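Pasting a structure here, questions to come.
Per-chain residue numbering starts at 1, and chain names A, B, C and D are given in the order in which the chains are listed.
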Amino acid sequence: MNAPGSGRSNLGSRRLMQRIAFSLVWAAGSLSVLILLIVVGYIVAKGLSSITWQFITTPPRGGISGEGGISTTIVATLYLVVLTVGIATPLGVGAGIYLVEYAEAMARKSRIIRAVVSTARFGVETLAGVPSIIFGLFGYALFVSSMHLGFSLLAAGLAGACLILPVVIRTTEEALKAVPVSYRNGSLALGATRWQTTQKVVLPAAIPGIMTGIVLSVGRIVSETAIFYVTLGGSYRMPTSLLSGGRTMALHVYYLAMETRAFDKAMGTAAILVISIIIINAVINLFSRKLSARIGA
Amino acid sequence: MRTRFIVDKSVGYFLMLMALTSILAVFLIGFFTLREGLPAISEIGLGRLLTGSVWRPGLEEFGLVPMIAGSVLVTIGAAILGVPLAIGCAVFLAEIAPRWMSNIVRPAVELLAGIPSVVYGLFGMVVLVPLARKVPVAGNSGFGLLAASAVLAVMILPTITNISEYAIRLVPREYREGSLALGTTRWQTITRVILPSARSGIVAAIILGIGRALGETIAMIMVIGNSVIIPRPLNANPLTIFLSQARTLTGNIAVEINYATGIHESALFATGVILFVLIMLINSSARAIMRERTR
Amino acid sequence: MEETTGACRLRTIGYKLWYGDFCALHETTLDIPSNRITAIIGPSGCGKSTFIRTFNRMNELIPGVRVAGEVLLDGQDIFRLDVVELRRLVGMVFQKPNPFPKTIFDNVAYGPRAHGLRDRNRLAEIVEKSLRSAALWDEVKDDLSKSGLALSGGQQQRLCIARTLAVEPEVILMDEPASALDPIATLKIEELLQTLKKDYTIVIVTHNMQQAARVSDFTAFFMTDENRSGHLIEYGPTSRVFTNPREKTTEDYISGRFS
Amino acid sequence: MHKITAASILKAAVFTAALALVPLKSAGADTEITLFGSTTVQPLAEKLGEAFEALHSDIMVTVGGGGSSVGVKAAGEGTADIGMASREVKESEFQEFPGIVVHTIARDGIAIVAHPGVSVSNLTVEQVRQIFSGEISNWSGVGGPNQVIVVIAREEGSGTRAAFEELVMDEALITSGAILLPSNGAVRTSVSTTPNSIAFLSFGYLDPSVRGLSIEGIEPSVSNAKTGIYPVVRPLNMITPGPAGGAAARFLEFIMSPDGQAIVSSEGYISVI
């Protein structure tokens, strides 16, 4: 028992060390929850009083005095969600299907295709890391100025679609990879082509995962400010066409906070934003639970 | 029978085109930002842009050193506050938390990632700036690096926590068991075997967090003061540098792009090019580290 | 039970284990003698790994595990001992060689260092002694700073044994230590066991009956019942269990009627 | 779950994508007037637009910000029907867009404002220059308490800043230590919440949350600006890509009418008739 490495001697101090360290780690975990509660709690508590049915259904007015409600900003946000998701989903799902279902088989045959595939992967990875202000600059240079779309939903939507494209691609890839290979083999063995297999067997199984990606993208667009700050113009009038300017809810929070002293309304709008994000996260969790249940079954 | 396979083949190529839209977008982004920034880069010179310490567009002075300093300092501040917290969270979730607790912490961290940056900015403006103003130092306006770093620390927490937790979970169970079987405490196992084995993943997580910090815009312009100065301590205590106002590269673009014309606008695009290149470098080094690890 | 000669080091009395509601191991009462090699045999899933992971309380790492009954180490209830101290006294070598991604030296010095030893010379002594005891010294003495992962599978397993010896345990648990190795490496490990038993009490799980017969002094045979729970069927000196089993099931198993 | 098939998702996606390409421009250019530019002119334009819409229910006025330079550019490039600028159009801009027409719809004073807690109430032009250039960095330098002055200003390119520099700063430069904010509203908000701060602000944004300082003993008020004794005044311009036509012309006519100019006055700006 007088072993050289005998633990008895320092076991007490090691235990103490562990206790201190674990308390700190527990504190870190709890602190993240606490920070969330403080931020969300503060915003919602301050904002709740200004949220009324009227606030949601009337348009903003009064310029810098920051009067009125937020109806037009909700509409502009929804337009942008539909627009960006509408553009990015077909492209993103298509790209995801290619990268998971086709890329390997096609790349095996040709060196050019192999290069194409790795280029595509590089594109997705890079795009995912681009900061949103750069998407904004790009949207401003290409869509607003060069293509003469002006500050408009269309210009902002195109720039916003670039933001969520990698999100859709990645979640689609994840969802497709989670579909067991046996599903595919079963279908292929029956003589179905790859596309038939993908369409009839793989995609249906992957739908909850793909939906997760779409909902995640919705969240990104609802939260985004920087891109729309430089491409959307910021008018709070009701958008009438794709070439109208507009103001999303997030942008409205920015303008109210920075340009007016209507902090209560900024808080109210921010509270609605935060609540929508909480709902969106809940939906995502629902989908991913559904997904894991399905894969488990 | 044949048509089925022709369809299959053409669908494959069609999907391949879709897969290439990302790289097309990257190319277009690079191309247009560079095209707009090129006049400034050629006229002013990349060297003067990167080393000039005065930014006065009215006098055609376009030095980015103040913004580079601002971005670097606010990122350092965010890392000091956020990295220990984020890694603590990751260790907690991966190794220590009982199930009920991780069922609270994990969604909380996810939600922190989802909260719009404008909301963080608003919270910073209304709560943190007045709080920072309470530090009794002459010339402290509250707006500045401290408030901005605190906001940013929370914003990078989810990125670092998620990727670090993933890296820690990738450490083979055998290492953990092998260490515990030698009579080490769980904490010793974590610090001596698990964290070293997950090191590259954690480093990558921190780098990605830094990339995210450098790219943040709206929350920054709401709390950092946007002054075009190289931050320096407000008094003899060097820590008061964090009470100084500053401006980030991203803020420089956002604050001025709407008001800029000609060479000034081009200089802002050049700022964008520099930011883009910087973040691409950072992200690809993080990816390289992660790839190294999986090998 | 009967026939165990010498001092008894480990003893289980009415020990039971559940994963959640599933009873993985039925009441087991067993004495493991000092300085002997005790082999645990039985078909896959019969609870033999679960059983030896009892002795260093490794099962506690799995959520939802419950135990009942007594387990004694030198007469002391292991559930009352500090688990960290227990694991130092009861070392373990795993089925798959699991050296840490560190140098050979650091792998062996890991335990003593964790227990607070800082003295470099003393560490170097322990590392050499442990590597010698694990019959690995001559193969690695010139490149102790090489990664432990760069060794061959058999060397890695002996490194893990050296790592275990470095903290001077009283008991060494081995969970199918040779199942991932080739026959030559297996032979080396088996030879090593014979020298180690002079100083240590060894419990080894194996599904290789020849190996059990070759190396062990005592053999315990576990078997699953219709509910897939593990039962101890028979326990005694190896020579007797293999030549003259008392239970029909043991005989069937040994003669290879099922596996 | 099986009701949603892959095909239906793809169909929906394609449909929405197609939707994105169809109605590029709404019913006709004459029913909507878009304005972009100066954040100083923006709130005024919004008020004018609301009044104009009340008279012409078929026309919609959409006002966005951006800043004076954007205003000139938007008009010059034709991305807006009307651009707004809170400063004179520069020679270089006329060279770039030779066709543009400038309409001065109002004039605006630039007030020097401070946090309500600041005890100083009058400054000379010279003192203002020294404070904003950083030569005087403590309120004690202008007869106030011993407190560091927090200078808040607009960023480069702002029309308000350009006018302020031209009218007050002469050749002096605004100190680089100034907090820079991207709009008049942001400046007002920050001055009202930051002790010991000073800034310049469009008259239209004056309200009790900030303290307007007298310059050379003259209060920042519309009447003082109108009679010409308040020294810091600049034009507010609307710019059309060419001679105004259609709805934009009717909107400009309305602005220049007595009704329109009454709104200009009531919003705190100086009418031009």
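The criterion applied here is as follows: a residue touches a chain if its C-beta (ideal position, glycine included) is under 8 Å from a C-beta of that chain, and two chains touch if they have at least 3 such contacts.
Computed from a predicted model, the values in this text were never measured in an experiment.
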Practice prompt. Please indicate which chain is farthest from chain D, where distance is taken between mean Cα coordinates of the chains.
Written response: C
Worksheet item: In angstrom, rounded to a whole number, how far apart do the mean CA points of chain B and chain C lie?
Response: 49
Discussion item. Nearest whole angstrom, what separates the Cα centre of chain B from the Cα centre of chain D?
Written reply: 33
Worksheet item: So how far apart, in whole Å, are chain C and chain D when each is placed at the average of its C-alpha atoms?
Response: 80
Worksheet, complete the sentence: chain A and chain B have mean C-alpha positions lying a whole-number Å distance apart equal to 16
Discussion item. Can you list every residue of chain B that touches 2 or more other chains, as numbers and ranges?
Written reply: 183, 185, 188, 254, 258
Worksheet item: Which chain D residues touch at least two other chains?
Response: 65-66, 181-182
Response to the item:
Among chain A residues, those touching two or more other chains are 7, 14-15, 90, 257-258
Worksheet entry | Pairs of chains satisfying the touch condition | A-B, A-C, A-D, B-C, B-D
Discussion item. Quick check on the complex: what are the chain B residues that touch chain D?
Written reply: 54-59, 66, 129-130, 133, 138-139, 141-143, 221, 225-229, 245, 247, 254-256, 258-262, 264
Worksheet item: Residues of chain C touching chain A in their complex?
Response: 82, 84-85, 88, 111-112, 114-117, 122, 126, 166-168
Worksheet item: Mind pulling up the chain A residues that touch chain B in the complex?
Response: 7, 14-15, 17-18, 21-22, 24-33, 35-36, 39-40, 42-43, 46, 90-91, 94-95, 97-99, 102-103, 106, 113, 116-117, 119-120, 122-127, 129-138, 140-142, 146, 162, 165-166, 169, 193-196, 219, 222-226, 229-230, 250-251, 253-254, 257-258, 263, 266-267, 270, 273-274, 277-278, 280-281, 285
Item to complete: Write out the stretch or stretches of chain A touching chain D in their complex.
Response: 61-65, 82-83, 85-87, 89-90, 93, 144-145, 148, 150-151, 154, 157, 199-200, 203-204, 207-208, 210, 233-235, 237-238, 240-245, 255, 257-261, 290
Worksheet entry | chain B-facing residues of chain C, complex | 56, 58, 61, 63, 84-89, 91-92, 94, 96, 98-102, 110-111, 114-115, 160, 163-164, 167
